[in-house]
Structure formats: structure tokens, C-alpha cells
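Below you'll find a set of structures to go through.
In the two complexes that follow, subunit A is the common piece, with subunit B as its partner first and subunit C second.
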Partner chain A sequence: MTTARSTVAPADPATERALDGLILSMADDEFVIGFSDSEWTGIAPILEEDVAMSSIAQDELGHARALYELLAVVRADGSTADSIAYDREPAEYRHAQLLDHGRGDWAMTIARRYLYDTADGARLGGLAASSFAPLRELVDKIRREERYHVMHLTTWLERLARHEGEPRERLVAALEELGPDAATVFTPIDGEASLVDAGILGEPMAALEARWRATITPIFVGLDLPMPPPGALDGGRSNHGEAFRWLWGEFTSVRRSDPEAVW
Partner chain B sequence: MTDQMPADRDIDAAFGGDGRTLEPWEVFRREKDGDPMRHGGSVMAPDATLALHYAREMFSRRQESVHLWVVRRADIHDLADLDLLQPPLDRSFKKPGGYVMRDKLAAARAQSGQAKPKARSGGRSAGTADR
Partner chain C sequence: MTAAMAPVVDDAAILAALADVTDPEIPAISIVDLGVVHRAEVHADGAIRVELLPTFVGCPAIDMIRSAVSDRLQSFGRPVEVRVSFEVPWTSDRISARGRERLRQSGFAPPAEVDAVRCPYCDSARVAMDSLFGPTLCRSLFYCRDCRQPFESFKVV
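What follows is the complex of A and B.
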């Protein structure tokens, strides 16, 4: 990224901190789900789906990388995409608790991805007209890729939901387990009001959550699936549990083996 | 493509049936505007929607296509009968160039004792003389 910091960073320090939190939360979400779903590489239900899920996971890691790079420019403190992505303790990650649920079985993976991708879609919609140009331009590219993700995941959600017996039972069980954490994608960002005032974020997260619910309600009603219940979002992006500590150990293992290595 | 599946690929749960609903789809792709559709290969899928998704993954994830078709292989009618496609008798008269006359002319000359005429220096081009 060649953008100079002077052209991107908000003037006001409080807004800049909030912007930092927003970009970090988005990047961590994409990084964690991208890494977690990449665990299907080699063991997805059929070879074609293996390629499809791996490709989607790779897309998310690409989005994470672009967001971390943007964050490094905003911070202008010598950090890089890699240092932000890998050189933190598990408690410092700010992904939504929805993504602390492991990939589980195939139905769990489909349910988690469907909930995340639709929520991410609503959040990206809230940034489509952002006054912060570097983020707006990146979001425009990301949305064009996310469109296919939602198409693919919707196809799978419908497929599992419409097959009575094991597929539907596994899907419903997954949605019941994930549902209470689904809205954690919309955990308010510290200083969110200043982002809305500056036109960086179109609407507060609570309004984006309402849009998300309005989008998925007809799908869930049509398939007779349990809607994610409204939940308390306090700490929705912290308090990561044991499952994430394990995942963190996995995705940082190479980096920690030689932190000074140049790739 | 699916008969070497590892044991932990839970295909029954994934496809919600007897697991035998996957079938081959042929994929055609256009590389760039103006090109014809060309056969690219095939994917296994349980329906047209997933066949298109998988075709997209296999044949355009690196942006190598601008248009894809998928066709259920079972919907393709084929003909591969060599008696019909490669008839054993000479069919060269059906080709744009007509019969190949060289051998017949040579035989006629040999019979009449004439030498092959030298290529003419004017008039029609020499290349057509033996046709």
C-alpha cells in the first residue's frame, strides 16, 4: 500500500482510535474465519467443494491482509500486516465471538459462514459510502467477492435445510448453538459515534444489525429455521475462549518459530 | 472424481440423500469476448446451481473465463460410430478440392507412353496442372 498516512488518517485522535478499532475488528474477523475454514482443505465433502471452500477461505485471508495493510498505514508506527496479524496474544484479538466456535461438522461450518457472511455483508453495506476513501475503495472490492460467498453459502443453507433427517437436524443444531453469538459481529466499536459523525461509518452497528436481521428473516422463515435470538453484545469481541487459544497456537506457530524471518 | 473419497468425507450428511445424487456436468468456457465456447472439462455436482459454483471455482477462479455453461452430461446425445463418422470408402470427392487426380493422370500417361509435360511458362499457374 502506497497511500501516504497524511492523506488517510482522520485529524481527530479519538476518531482515529475508533477507526483503528473498526478496521482491526473487520480484519480479525476475516483472518479468523479464513484460517478456520481453511481447515477443510483436503477433507471437504467432495473434491469440488474442497476447492470451493478453500478458495473462499483464501479470499477471506486476502481481505484480512488488505485490511491489516490499511491499518498499518493508519497507525504509521512501523507495524506491518504480518506484525498485526501474528504478533499479538490471544486476548488482544478483536474478532466476533461467533467465530470462536470451531468449524465443527459440515453443517456447523455452513451455519457459521452463512451467519458471518450475511452479517459481514450488512457491515460492508454500512461502509459503502464511507467518507474515509481508502476504506471505501477496499470495501467496494471486498463486496464484489463477498457476493459469491453469500450465493454459495445460501445454496448450502437451503440444501441442508430442505433435506429432512440428518442434514436438517445437524443444521438446526448448529444454528441453535451459534445463534446466541451471531450478532456479536455487530458489537459496538469504542468511539463508534465519532465514526458515524465523521461519515466513516454510515450507521451505528445496532442499525446495521437490524438491517442484517431484516435480510435473513425471510430466508429463515421460508426454511423454518431458528432465527438468532437478540443477545447481549458486551464483550462480543473479547473474552475469547479455549477454542480460539488453540486456533491462535496453530496460525501463529510458524511465525513464532522464527519471528525475525523475512518471507 | 468421487470414488476415492476419504472415509471421513460425510457425503450422506452433506448431500442429504443416498449420496448417489452427484453426477457429472460438462463445463464450457469462453476465455474472452469474441471467442467461441470451448469445452473446459467437467465437475461433479448434485444440481445446476452447485455445478455452476464449482465450474466457477475450477475454470474461472483465476479470472480465466468471461462466460461459463454447464450441461448435465446425461443430457448430451452422442455419436461415436466409426462406420458413420469415418466411412471406409474414398470420400475425397466430397472435399472442396475434389478428387485427387495425380495418380490417375500418371497411369494414363504411362499407358499412352507420354512423358509428363513440362510446367508451362505462361497462362494458368502450374500448380493447378495436375488436379
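What follows is the complex of A and C.
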């Protein structure tokens, strides 16, 4: 929709494959968390949060759509945003396992969003000066919107953490469940070194993970919350479990009922 | 337009025509004053090309705006191509001075950081944010403690 093929595609096939993997992982992250958040529409704890979570979901699905559209241009094989988003088996999605825990309660939702939004922020920072102009331009726009997500989620993290009793207990339990998977957002991309060499990605994912930890450590220490432990990242964007299979069934149900439908 | 009075087609005429088009979520001001029009040009091949910048990446109105732009420009009798671009980011600084004034008159606070928002009705700074997120992606909900009006404020992006 937005980008001419001439501005696209690194010269060598290995770098193009790595670029494909990078954009797909970002798009799948935004799509899966955006769809998960939309499950709160109509049933969030208070009306303002219903509106907020629905807005955030709409933002993320918009980011996912723009990234899938860019990927379709890179692939230049007749793919569309919809075909990439919907016409895959669950095992083919490349979102981070952090997003594979099911919706859970409100504390789980806040913990997941906070961990994801801050990690995504570090990743987007690594693309702010990308040599691949269409991605750099999109990231520039996306970062301006994500700022509001982080503001909102930080308010909620502090609110739950500082309220002794059930709010804090639930938040800590959520962080203990999700923490070991938080760093899966930084699962290395196949061929990542070629992306760094080409200036498409500013730093390896491991360096971006270190930046993320440096950003959130003072907040977690200040609120006395359990920091996400470092973990092995092998398979961090595959091996999706039962919770994702259920979600996949939900978000593909309309598409599978009539793949040829035009909207 | 009649055939005898063929319209002048230059960039200024295109821009003037686009001043009739509004964002369905922000009908108070035109898409030109909103800063959504990035390029509006008549090319050497005779085609009119317009590039639009979405206010938010996920703006659900952009497809409607694209159609409205295309419809509005049909009267020039030229091929019309309307594209959506992220070449430069739409920012709230792109809203014109006239656009800001009209927003305020319509009860919307023009873009300001959350601690600098003023009531569009009485200009009070004694306002409280009810919700960072509002009825559209680009607006937040506020309440004026002086004139006791709820109002919406555009986000700074």
C-alpha cells in the first residue's frame, strides 16, 4: 500500500531473509498482543480501562497491519497483509513466548504489557537509525504512539505494586510467571549479524536486551518487584503452546469461514 | 463544472479542493488544516497524485479519507492516485494555527502535553485528566475543575 518496491530489499538473499524474519517477528508480536488485549473490550475492570485497552489494541493491530504490508512488499510474491496474518498454521507464527500465556487476570495483563512495551521500546530504539528507510520511517511513527502505552502501563504497574495485599500479590505472581519469558522478545533473528552489518538493525538483540534491563531495573528495584531473570532464548519465538492455539482459532475463525471474502 | 469552464488544474487548485475534505473522526477541520496532506501535485503526465499521512498508524479513518479525497478530485477530470505514506511522520505540530483555533471553538483542546492542557471553554489550567485514552486514538479525556465541563484533548505525537 505504501512503499514502492524500488526502495526495498537488500541486495543479497541472506540479508533479505534476515530482514523478513525481523519484520515478521515484530508484526507477529504486535498482532498477538493486540488481539489478546482486545479480549478486554467490554469486560475490563472499569470503563476507562475498557476504552484504554481497546485503544491500545487498536494501535497494536494498526502497527501489525503496517508491518505485514511492508513485509508483503519485501517478499513481492503476491502476499498481502491479510494472507500473512491469517493464512499460517499456529507453529509458523514468530511472536515471542512472553505472549503465549493466555489472557489471565488484570494483573497478568498489566505485567505482560509492561514487560512487552518496555522490551519493544528497546527494540524500536535499535531500529531508529535503520538504513532500511521504509522500516525506519514506520518505526519513527510507531514510537510516538508507544510512548503513551508506556506512560499508561507505568501508572498501572506502580498502582498495583504499591497497594499491599491482593493487588501487589497478584502483580508479583504475574511477574514471576511471565518473567522467565520476558527476554524472548530479544530472541536472536536468524542471520542477525548481516542485519547489523547492513545497518538495518543498530545492535544485536543481546545488546538491546541489555539496554532494556538497564531501563527497567531502577523501576523494579524502586517498587521491590522481581526482575525478569535471564533465560535461554532457544526457541523463544516458536514452540507455541495450547493458549496460543486457542487464540489462533479465535483470530482466524472469520478468515477460515470465507478466505475469499472482500472487506 | 461545465465543459466550457474547464477548471484550472494546478497544485494550488488541488489543495483548495482538499480543503473540502474532513477526517470523519475530526469533522471540525479540513484534512489540510489537520496536516494529513503530505503532497498534492499535478504531474507532467496529467495525473493528480496525493500522499496522505495517517494521524496514527492504526487510524481506522484513513481508508475513508482516501476515498473521500479521490471522490473530491474526480471533478478535475484527471486520473487520480491517492497513497498513504509514512515518509515523514504525521505529528500534532502539523495542525495549522487556523485548525487549532477551530478545534478549540469546537470544544477540543489543541495538542498539548498532559500537564499543559487548558480547557477549551474557559481557558482554565485547572484541569484533570480522566483518561489518557479517549473515543479515538488521537484524543484523551479531561475535565475542567473551573467550568465543570468534560472535554477531549488531542495527544501530542
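Please note the rule applied: the second predicted complex is superposed on the first by the 262 of 263 C-alpha atoms of A that agree within 3 Å, B and C clash if a C-alpha of one lies under 4 Å from a C-alpha of the other, contacts with A are read in each partner's own complex, and residues count from 1 in each chain.
Here, a contact is a pair of C-beta atoms (placed from the backbone, for glycine too) under 8 Å apart; a residue touches a chain by one contact, two chains touch by 3 or more.
As the structure is a computational prediction, the values presented were derived from the model and not from experiment.
Trainee: Once subunit A from each complex is brought into register, does subunit C clash with subunit B or fit beside it?
Mentor: With subunit A aligned, subunit B runs into subunit C, so clash.
Trainee: After the superposition on A, what does A:Arg65 contact: first (subunit B), second (subunit C), both or neither?
Mentor: Touch status of A:Arg65: second partner only.
Trainee: Could you say whether A:Gly165 touches subunit B, subunit C, both of them, or neither, answering first, second, both or neither?
Mentor: A:Gly165 contacts subunit B only, not subunit C.
Trainee: Given the touch rule stated above, what does A:Trp106 touch, subunit B (first), subunit C (second), both, or neither?
Mentor: Once the two structures are laid over each other on A, A:Trp106 reaches subunit B alone.
Trainee: First (subunit B), second (subunit C), both or neither: which does A:Leu138 touch?
Mentor: In the superposed model, A:Leu138 contacts subunit C only, not subunit B.
Trainee: With both complexes superposed on chain A, which partner does A:Tyr148 reach: first (subunit B), second (subunit C), both or neither?
Mentor: both
Trainee: Just to be sure I read the superposition right, which of the two partners does A:Glu48 touch: subunit B = first, subunit C = second, or both, or neither?
Mentor: both
Trainee: Would you check which partner chain A:Val73 touches, where first means subunit B only, second means subunit C only, and both and neither mean what they say?
Mentor: neither
Trainee: Under the contact rule defined above, give the subunit A residues that sit at the interface with subunit B and also at the interface with subunit C.
Mentor: The answer is residues 48, 51-52, 55, 148, 151-152 of subunit A.
Trainee: Which residues of subunit A touch subunit C in their complex?
Mentor: 1-2, 48, 51-52, 54-56, 58-63, 65-66, 134, 137-138, 140-142, 144-145, 147-148, 151-152
Trainee: Name, in rising order, each residue of subunit A that touches subunit B in their complex.
Mentor: Answer in residue numbers: 43-49, 51-52, 55, 105-107, 148, 151-152, 155, 159-160, 162-163, 165-168, 170.
Trainee: Per the contact definition, I'd like the list of subunit C residues that touch subunit A in the complex.
Mentor: Going by the criterion above, the answer is residues 56-60, 83-91, 130-135, 137, 141, 155, 157.
Trainee: Which stretch or stretches of subunit B touch subunit A in the complex?
Mentor: Touching subunit A: residues 1-2, 5-6, 8-17, 22, 43-46, 49-50, 53-54, 56-58, 61 of subunit B.
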